[in-house]
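Some structures are shown below for you to check.
The following pair of complexes shares a single chain, chain A, combined with chain B in the former and chain C in the latter.
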Partner chain A sequence: MGRVATLPGVPPLIACLALLVAWEFAARVLGISGLPPASDALAQLPAILSDPESLLNIAASLKRMAIGFALALVAAVPIGLMMGRSRTVAAFFNPLLMSIYPVPKAALMPIIMLWLGIGDASKTLVIFLGVSLPVIYHSYQGSRAVEEKILWSAAAMGMRAPARLFRIVLPAALPEILVGCRTGLVLALITMVTSEMIARQAGVGNILFNALDMAQYDTVYAMIVVIGVLGYVLDVAFERLRLHLVGWAAPTHDIVVGTT
Partner chain B sequence: MSVRLAAMRDVLVGLIPIALILGLWQALTASGVAPPSLLPPPGAVFARLIQQLGSLTYLQHAATTLLRLFAGFGIAVALGVALAVAAIGSKAVESALMPLVRVLAPVPKVALYPAFILTLGFEDASKIALVVADAVFPILLATYQGMSAVEPKLAWVAQAVGVTRARCVFTVVLPAALPSVLTGCRIGLVISCIVVFLAEMITSTDGLGHLLVRAARNFQTVDMFVPLITISLLGLLLNAGFNALRKRLLAGFPEEK
Partner chain C sequence: MAHAAMIEIDSVSKTFETKQGKGHLALTDISLSVKDGEFVSILGPSGCGKSTLLYIVGGFVAPTTGSTTVNGHLVTGPGPDRGPVFQEFALFPWKTVLGNVRYGLDQAGVPAAEAEKRARELIAMVHLSGYESFYPKELSGGMKQRVALARTLAYRPNILLMDEPFGALDAHTRTRLQNDLLDIWERDRKTVLFVTHGVDEAVFLSDRVAVMTRSPGRIKETISIDLPRPRDRATLLLDRRYQDYVVGIERLMEDPQEEAP
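Right after this comes the complex of A and B.
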């Protein structure tokens, strides 16, 4: 047992089981109202996951999230890298970013919906906004920490500034950028769910809150489990990717937490 | 002197994009490209903001939001720091707690909000619970990581002069980890600000988030911008206040970059 418990992946599994047991206990023994037993909620999972409509909804949510995330990377990484290398660029963007930072991005939904409608465009835009900030911030920190001498040597060998940014600063800052991406991933998921709760039209958040309105409490809890598993799986998958890309760099933190 | 000049230049450069956005906003509304029902002119929004900040009802809504924010944040700080201290103090707690944190930290907490509504009701408790759920993880993790990074020699010295291990955690390791505890708290504070607003947007009958949703349902665009600006001003103010507090608490610690 002692050896099994130290295998990678086993402690989180035990943690999940413990959570389920605690949930079952709270519902059955303590009888907390509004909390169906875990077994009842989990019994809904096959129905949800075999219903083509809800699968389409989940796929549509993930598609929006992927597009918003990808667009944010394309825009945010170059801005962050340039901020780290030039004081003027940093001074240009910093106050603006600081004042946008505490605005809840999903709260922009009602306003953006007026302009772009309740379809994919506004939800993708909100995800884009939510992901951009942490990615810019971490790219900025990463590129600021790049050793000057490497850049001087490259310049002395005739490499031009744009090439230096992408061939030296980008790889050197990659570990830090990926920290930002991981925060961004968590954020993308949060913004995705929230935007769908506000614009109830399709998606995971829509299923969740419609079930709440229709008092299908088992489905509510089953959807919470689905979203939670989604978050955890995406995080683990990203960690794999990170190890593959920057296995040479020491991991900065085991777990990264983001802001909405 | 040249340092101050450069700093002033930085501030001026930083004002450019903000001025550009305000200018673009004004130009869009003044030229009629964007009808006022979709995008009200900035002048109207700021006038309304100032008017609202003088109105008692509006301030009551803001106070409700702040109350929930501080209640949630306060519980999150107490819980996060206590759990981190317990994890550092005892291997058993650590091996039970950290896998749970590993599983729960990347879960989007808004998805838990329906569960909180069902178990805790529509009142303040469910919103405060959501704030706690979202803010506790950065505080817990920052405290834990900060405390594990404390120079072990400090604890050895304390133990060598006869301080018990448990006391040493509180009197040596926790104070030495204060900078990262405060970093975690700052992240948690901004998160609390955002989450409390979202929770109020989803279901509420009062608070700033509710005002935004109410304005959106009635297509009062000006009133949609006002709570948004208020919450980001609150966020900036709280952040500035927290930084000032941090400076006082961390007097004597080496400067961070």
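Right after this comes the complex of A and C.
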């Protein structure tokens, strides 16, 4: 048993199974109508995943999320990097960011809907806002921590300041930037669902909250499972990408120190 | 041109702003002339501003007053004619050994095949053949500094600016790198400005040693090291003249008046 439990992939599997069992028991013991047993909820999954319309909804959600996430990276990374290298730029953006950071981005949804309607534009903008802040913050921290002498080494090779920002500061800060991106990815998923909860039109959140309105609790919980699995899959995929991009920075334990 | 002044430091001083808004005089009235092909060490206790002086020659830090000319041109910023090697190595951690060494060549627009060939030659010269695809984090301190030296030599600067390059290394590694540096230097006799706090290191390597004192940093005396080249450590350690230089310079640095905080 001890040996099996340490195999890769086994501990999370045990955790998932334990959660499902606890859920199943709790639902059967408590008998609340709003809490269906795990088996009932999971039984809805084949129906949801074989229905072309719900698949289109899920795809539409993911598309908005991807666009919002990508636009946020394009805007946030350069801002963060410049803040880290210039006190003036940091002084300009810092108060702005610190006042926007604690505002729940989904709470802005009703206002944004007044400007942009209930379509893709509003939802994408909310996702963009949710992702931008952690990415700016971590890009800023990463950029600030870049060793000055690395920049001097590049300057001595004849590289000018604007080029150094993208060719030296960006790669040097990449491990920290990707920490922000990982937080951003989670926030993208959260804002994606909540934006669809507020602007009911299409998407994962729309299926979930419509089912809730109609008291189809099996479907509600099945959708929560779908969102959870989506989050897990995205995170695993992101970790793969991260290791590929910044493997050079990963801590290793077999460093030979003190020998030439 | 063989003995024209390669570096001309003229009445340079540097004042830093402290956090309390007061000025801290780090360097005062430094003048030093370094000939083409000369190996000059700047020797001094920590905090005497010797590294700052090197950064001013490199164009990384601007002097408060005075000026520096390199090869007849006023220093206004960094340039590939002056190659730095830092105590902290300052390698690009996302690049392999080969990627680091060829970086300056790619930056200068050297064709890829030629850049790779030259980078591999330099890696061989610093005895790191076989490590081309290693990342900096996989290397020991001594190996990192070899990479940093190769990276700087690759773009053929006229002047090497070495900022306590072996200060972070253990004694054995330091000795090996000093020997290797002299071997490399004997081949093309670049102008070297070498900052250190090690008296024996300065005497072993240099043609001249500029001894600095602290608070404010100034050059106390410049001593010509008249020892034959190429130098061999074992021979030199037994050489009376070498011992006299080391003892003489140590006395110079031990001036009790300098001990006051």
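The rule is simple: the second predicted complex is superposed on the first by the 246 of 260 C-alpha atoms of A that agree within 3 Å, B and C clash if a C-alpha of one lies under 4 Å from a C-alpha of the other, contacts with A are read in each partner's own complex, and residues count from 1 in each chain.
Just so we're on the same page, a residue touches a chain if its C-beta (ideal position, glycine included) is under 8 Å from a C-beta of that chain, and two chains touch if they have at least 3 such contacts.
Predicted model, so just to flag it, every value in this text is computed and none were measured.
Once chain A of one complex is fitted onto chain A of the other, the partner contacts of A:156 are limited to chain C, with no touch recorded for chain B.
Using the contact criterion defined above for the overlaid structures, shared-chain residue A:249 touches chain C, although it does not reach chain B.
When the two structures are aligned on the shared chain, A:65 is found in touch with neither chain B nor chain C.
Of the two partner chains placed by the overlay, only chain B lies in contact with A:12; chain C stays clear of it. When the two structures are aligned on the shared chain, A:171 is found in touch with chain C, with no touch to chain B.
Of the two partner chains placed by the overlay, only chain B lies in contact with A:108; chain C stays clear of it. Residue contacts after overlaying the shared chain place A:232 against chain B, while chain C stays out of touching range. Of the two partner chains, neither chain B nor chain C is touched by A:202.
When the shared chain is aligned, no partner comes close enough to touch A:73: not chain B, not chain C.
Put simply, chain A uses residues 255, 257, 259-260 to touch chain B in one complex and chain C in the other. Against chain A, in their complex, chain B makes its touches with residues 9-11, 13-18, 21, 38-39, 95, 98-112, 114-115, 117-119, 134, 137-138, 141, 145, 187, 190-191, 193-195, 197-198, 201-202, 209, 212-213, 216, 219, 221, 224-225, 228, 231-232, 234-236, 239.
Contacts from chain A toward chain C in the complex involve residues 147, 149-150, 152-159, 168, 171-172, 174, 246, 248-249, 252, 255-260. Of all residues in chain C, those touching chain A in their complex are 55, 58, 60, 77-80, 82-84, 86, 88, 90-95, 103-104, 107-108, 135-138, 140-143, 146, 148, 151-152, 155, 157, 170, 173, 176-177. The part of chain A that touches chain B in the complex is made up of residues 5, 11-12, 14-16, 18-19, 32-35, 87-88, 91-96, 98-104, 106-108, 110-111, 113-115, 186, 189-190, 193-194, 197-198, 205, 208-209, 211-212, 217, 220-221, 223-224, 227-228, 231-232, 234-235, 253-255, 257, 259-260.
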